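Please find the structures below.
Here come two complexes built around chain A, the first alongside chain B, the second alongside chain C.
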Partner chain A sequence: MNPKSRIKIKESNSRKIFRLFNALFLAVVCIIVVIPIWNVVVTSFAQDQDVMGGVYLLLPKSFTLKNYARVMNSGYMRGFWNSMFVAVSGTALAMAVTVPMGFALAQKKLIGRKIIMRIISITLVFDAGIMPFYILIKTLGLIDTRLSLILPFAVSTFNLIIVKNYMSSIPESLIESAKLDGCNDFMILIKIVLPLAVPILSAVMLFYFVSFWNRYTEAVMFINNSSRYTLQVMLRALVFQSDGSLGEGNAVYDNTKMAVMVLGMLPVLIIYPFVQKHFVSGLMLGGVKE
Partner chain B sequence: MDKTRGSSKKFTSPGILKNIHRQKYLLLMLLPGLLWFVVFKYCTYAGLGLAFTNYGFKKSVDFVGMRNFIRLFKSVAFWTAFKNTMIISICNIIFYFPFPIIIALLINELRSLRMKRTVQFMIYIPYFFSWVVVGTIFVNLFSPSSGLVNQILKLLGQDSIYFMANPQWFRFVLIASYIWRQMGYGAVIYVATLSTVDPQLYEAASIDGCNKWKQVFYITLPSIKTTIITMLLLNLSHVLLIFEQIMVMYNASVYSVSDVLQTYTYREGILSGNIAYGTSISLFTGLVSFMLVMGTNWITKHFLEESVL
Partner chain C sequence: MKKRGLALIMAGAVALSSAGCQSGTGSRETVDKGGETKTESTASAGEATTAAISSEKVKLTICSPDNTFGLSTDPELQQSVIDMLKENTGVELEAIIPPISSYNEKLETMMAGGDVPDIFAISQATTRLPNYVAREQVMPLDSLIKSSVKLSEIDQDYYNALAIDGAVYDIPYYYPRVKGLFLRKDIMEQYGIELSNTPTTEEFITEMGKLKGTGIIPFSFPKWIDNFQFFMNSFGAYAGIYKNADGVYVDGMQEPQMKEALNYLKELYDTGVMDQEFITTENNTMREYVYTGKAAADIDYVMNYSNYILQSELAGKATDVQPIYMLKGPDGKGGGLNESIQTAWCISSECKNPEAAIRVIEALVTDPEIHAAFYNTGVEGKHYNIEDGIAVPTDKAANSGYSIKYNYLTDSFIKDFTTLKFQPDEKTQKVLRIQRDMIEMAMELKGDKQMIPSGISSLYDETSASITNTWKEVVSQIVLSSTSIDEGLKTYKNFWNSVDGDTMLKELNGH
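Entry: the complex of A and B
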């Protein structure tokens, strides 16, 4: 055996060991991510007596739907529907504003494109903070309305740039030839660009939905009327302030709390697997400037 | 007649008008979004001017110059909030920022495409949970009686720690939960960038006798440099604005280590109604953030020859 090939064998052995440890390490990372989520789900299906002693359930001891029945008959459902209203109408509005704007900005010939991109990208690095924002919402008379959780978040600069970048990568010849066929810009967007951009648009839609569904701070700042509370606000009150509005009047057990938690994660968990496969294709960063 | 037409050509330049007419649909598509930016971004910038007034309690609004800022810089609570914000931000950058890069490099070393996908799928999940959900998960995880972490500590013969109410440990919980939630998001973006690196570069390098470590430093990291810098700048732009996570997770026993600029603003400006004073804190925070980003951009431009903004 010549020395060269021996070295090669040795190297591949160390590579094998590295690969093994690498896979093990990533498995541990995944476990650390998944275990706490699993615990929430298991606990939400557990009987009262299984959570009373204060245990961290990893294996289901019992299975009951009673906790969900309790939650369904409580005020938390109103929070759920409030959140759903905000998230669905917010996402619809956000897409209706972001997509055409992204398309327009992707057209190199657009008048004033450079200036508009400047105006937009400044908002990525300079934020006026919560006080001017609060004053604005107050001045617009949006305090205590659901609109205050929808309108101010209709555009995310980040999502806009993702859409714009993706749409700039669509070959110009496609658009030019449609133009020669007599399509105007609206028809081009709807007939040619939208079908090509489905992957990125579904990812952006998920981002918008999640951002509306999860919003907490602004809901605390702007909504005082408890009948308009979103689920996240109610969930925070339940877990961190031991709010006792879940029926019985005495202590709310962890299993019921976790059932509310599952309610708070549910829409996202349902949509995520369908959209996830599009992420890698579309989420390339960069190209903020131009 | 001809003369006047000629002069009007000069002033209104019909070329542009014609262009506007040709692009009327594009401009129409742009309009709602642009209007949104003007109202919800640029009006808030204008609102920062209130920092120099006494807006809040009285009906009349008067210009008071730097009075709010003088009060701000003399306030002990402000400096505590500033210190806490800086400590948490610096810890976030040091401990969180390299994490997604390392994870992405490791994911990139996996051979099976299915394993790559599965790992990314799982670690990305927490990013879609609200801070309320993540906060609750960490309350459960770190609970002194039933939490997994304290049960492990007990097994090791240690006393249990009430992480959520212990000022010494609370910042650790903040950083840990931040990493737990955001790690996958960053990692997925880096993995996507890594997949665009030309494999021929690695082949050429290994023929030249470059080992794996050297390949990471001479090929992989330089090819994702732009993404790293973009992520760093985006991180820096909101690191001082940390708010929701704290609002959800903090409680009276850890105010001393977790009251940050934004929570201080919220308390002073909105809860106490001292709007002008609150605005001056917002302006201060915004300017420091802006300088942080611009400074970093300047540094990366000069030393790494890479400018993102």
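Entry: the complex of A and C
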């Protein structure tokens, strides 16, 4: 249909008022979300004396790149690269496991499909806690290895369900046609399903990346050698450094802390725009119950 | 072609497995009667020399938070301190350096999971050590301490502070920590605040009240409710279970003097003397308020005096600060907040080489060079360089937030640090001399601190953490006026009954 030929529908006043309030409400929500991030960024560029005494900076008092220079030349970069390694390899492994699993579970002819799904779903509800988890990791010989931060999180039940639901929505006739053309299951997954599942794969990939990137508790509990600590561990150490009960640490000012925080946010901020266009549609489609 | 490939793989597998066999049988570790680990050769006579050389090598795990190992969170810099320690003690060490904010959780998880480090630092020792002893996870150290000349020189009272059933399970490395109040002298002069080092509770409220409406927070306080004990001391009150003057265990929250103490705390808050937002204030923020003149006073370790002088200067608000060691209550009672010895070293009960472990601890506690490097300064050439006899942080160390600290000169048991290659500048030395005098005074005026051993009352062992959490919650609600004193104490009494507190006291009193 030619767009010019569309009939213009007149909006009622109540509709206009609703839209106005809607816009105002969303603007307030945006401000609430943006202000802390803005504060972090502004503080990260401030001089030492401008951030002392619990000051909440919203307008820059000064501008210096010294804090970023400090961070770039400090041990925090090792944490950054450790996090990057865990997040990238973890996401790759998780995608490699989740996608075939989701594809297999989406096949209606799979024997015991429902039972398998129910068993998997139990992990959504029950969590044994850190102690059994520690003993499991210890038994597997993974204590103090980066693998302890990757292997146990290779499949997220939530992400698996989203992928499986999305793949269930792909018309069976497409898969049948591919089979008639001589494709095996693996070829169908690669050549037919994956190109159609780009939106959901983008969303799930982002979920995995963020979850690996932000992992903190396990990194503290399972890693002993501080050279393998992730950025999140170092960041928390930095924030609470001089607040402990075991004597006094260094007085690290908020500007340096915020510079490390910006560094911590950066990878996700960089990745998000690239997957943004698929993000909402992927989630909507994957979230539809079978 | 396929067969060749298969043969190649098989050959590789055989080569790898034989290599594995060699490394697996070439040596074995044993522990002799003296506790020394020996590496014995089981392969050939030719390897005997190697075994002899490595016979002194012992590998122990050492666990301490990241505000030790040279005060830097940079792993490379931490490693330089580990290397120094290895070199000086001849003990192979594998260090576990968790962030201080998660240290206790990490240590508890490891211990519960059966991975007790051979040597480890404990915090909140009065609470935690009795549990470790009850679980038989730590080793009694009396004989090992006696065998060390240097450790024997430390005043026995400091060992006794945490002794359980007459046995010593820890080695402290600092004098007991005492907290007092610090007041900015410039603000005192400007607003005519006149307070001695031991004023009365009333004088404190009246004088600090002069700052109301000036935009300056009269008294900044952290969110840690335990610090209220400083004010409770003035009324002879004690939060928690304690042994009273008659030698009987009682619950401090239910003693009549606690009501007076709570009244005073509430008055501090209601009159605006205490920071109205204290419940969300971190220690760091509280200190920065005073450094920058945003607040006139706060509560802190007396040993941090020098930080106030140096940091207020850095903030461009240089001033001296006056300590208040205690506030005298209506009956003349009072005392500094005594945290006793809360940090110390322990050795795992499963440590295979206690002699080597005590050697490491001895070096950390009594060797001036290692003590300074481990707790404060780090290693020369890595953390700092010496310029004209003064230590200057290296760029790498400074970038991680490291700065030179000299608190070890006043806190540790080591009397003489003159052997170090560098000394603080004249001004810092003067400040530290004052700090040492302050610490001595604070030690004289410190309040009560008690430790209840585990194993006397199973009820107490099970519920002590809940009791502490509940009194903290109730006291904070009372001070913040979320509840009245009577209602708060009634809530506490209900909790007390729910955990069968009276039976617990009977058990503790041996009835």
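By our rule, the second predicted complex is superposed on the first by the 248 of 290 C-alpha atoms of A that agree within 3 Å, B and C clash if a C-alpha of one lies under 4 Å from a C-alpha of the other, contacts with A are read in each partner's own complex, and residues count from 1 in each chain.
Keep in mind that, in the parts below, contacts are C-beta pairs under 8 Å (C-beta built on N, C-alpha and C of every residue); 3 or more make two chains touch, one makes a residue touch a chain.
Please read these numbers as outputs of a predicted model, since none were measured by experiment.
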item: Partner chain(s) touched by A:P100 [first = chain B, second = chain C, both, neither]; value: first
item: Which superposed partner A:R78 touches (first chain B, second chain C, both, neither); value: second
item: First, second, both or neither for A:R236, with chain B first and chain C second; value: both
item: First, second, both or neither for A:V29, with chain B first and chain C second; value: first
item: Chain B versus chain C as contact partner of A:H278, first or second or both or neither; value: neither
item: Which superposed partner A:V125 touches (first chain B, second chain C, both, neither); value: first
item: Which of chain B and chain C A:Y134 touches, first, second, both or neither; value: both
item: Partner chain(s) touched by A:L151 [first = chain B, second = chain C, both, neither]; value: first
item: Set of chain A residues, in rising order, touched by both chain B and chain C; value: 53-54, 130-131, 134-135, 220-221, 236, 239-240
item: Parts of chain A lying in touch with chain B, wherever the complex brings them together; value: 15, 18-19, 22-23, 25-26, 29-30, 32-37, 39-40, 53-56, 96-98, 100-101, 103-105, 107, 109-111, 116, 119-121, 123-136, 151-152, 154-155, 160, 184-186, 189, 206, 210, 213-217, 220-221, 232, 235-236, 239-240, 254, 257, 261, 264-265, 268-269, 272-273, 276, 279-280, 283-286, 288-289
item: Complex contact set, residues of chain B against chain A; value: 16, 19-20, 23, 25-27, 29-30, 32-34, 36-37, 39-48, 50, 103, 106-107, 109-111, 115, 118-126, 128-133, 135-141, 143, 145-148, 151, 180, 184, 188-189, 191-193, 195-196, 212, 226-227, 230-231, 233-234, 237-238, 241, 243-244, 247-248, 251, 262, 265-266, 269-270, 275, 278-279, 281-283, 285-286, 289-290, 293-294, 307-309
item: Chain C to chain A touching residues, read off their complex; value: 65-68, 71-79, 94-103, 105-106, 109-110, 112-115, 121, 123-124, 174, 281-285, 287-289, 291-292, 294, 301, 304, 307, 311, 314-316, 342-343, 375, 395-396, 398-403, 405, 407
item: Chain A to chain C touching residues, read off their complex; value: 48-49, 52-54, 69-71, 73-76, 78, 130-131, 134-135, 138, 143, 220-221, 224-227, 229, 233-234, 236-252, 256
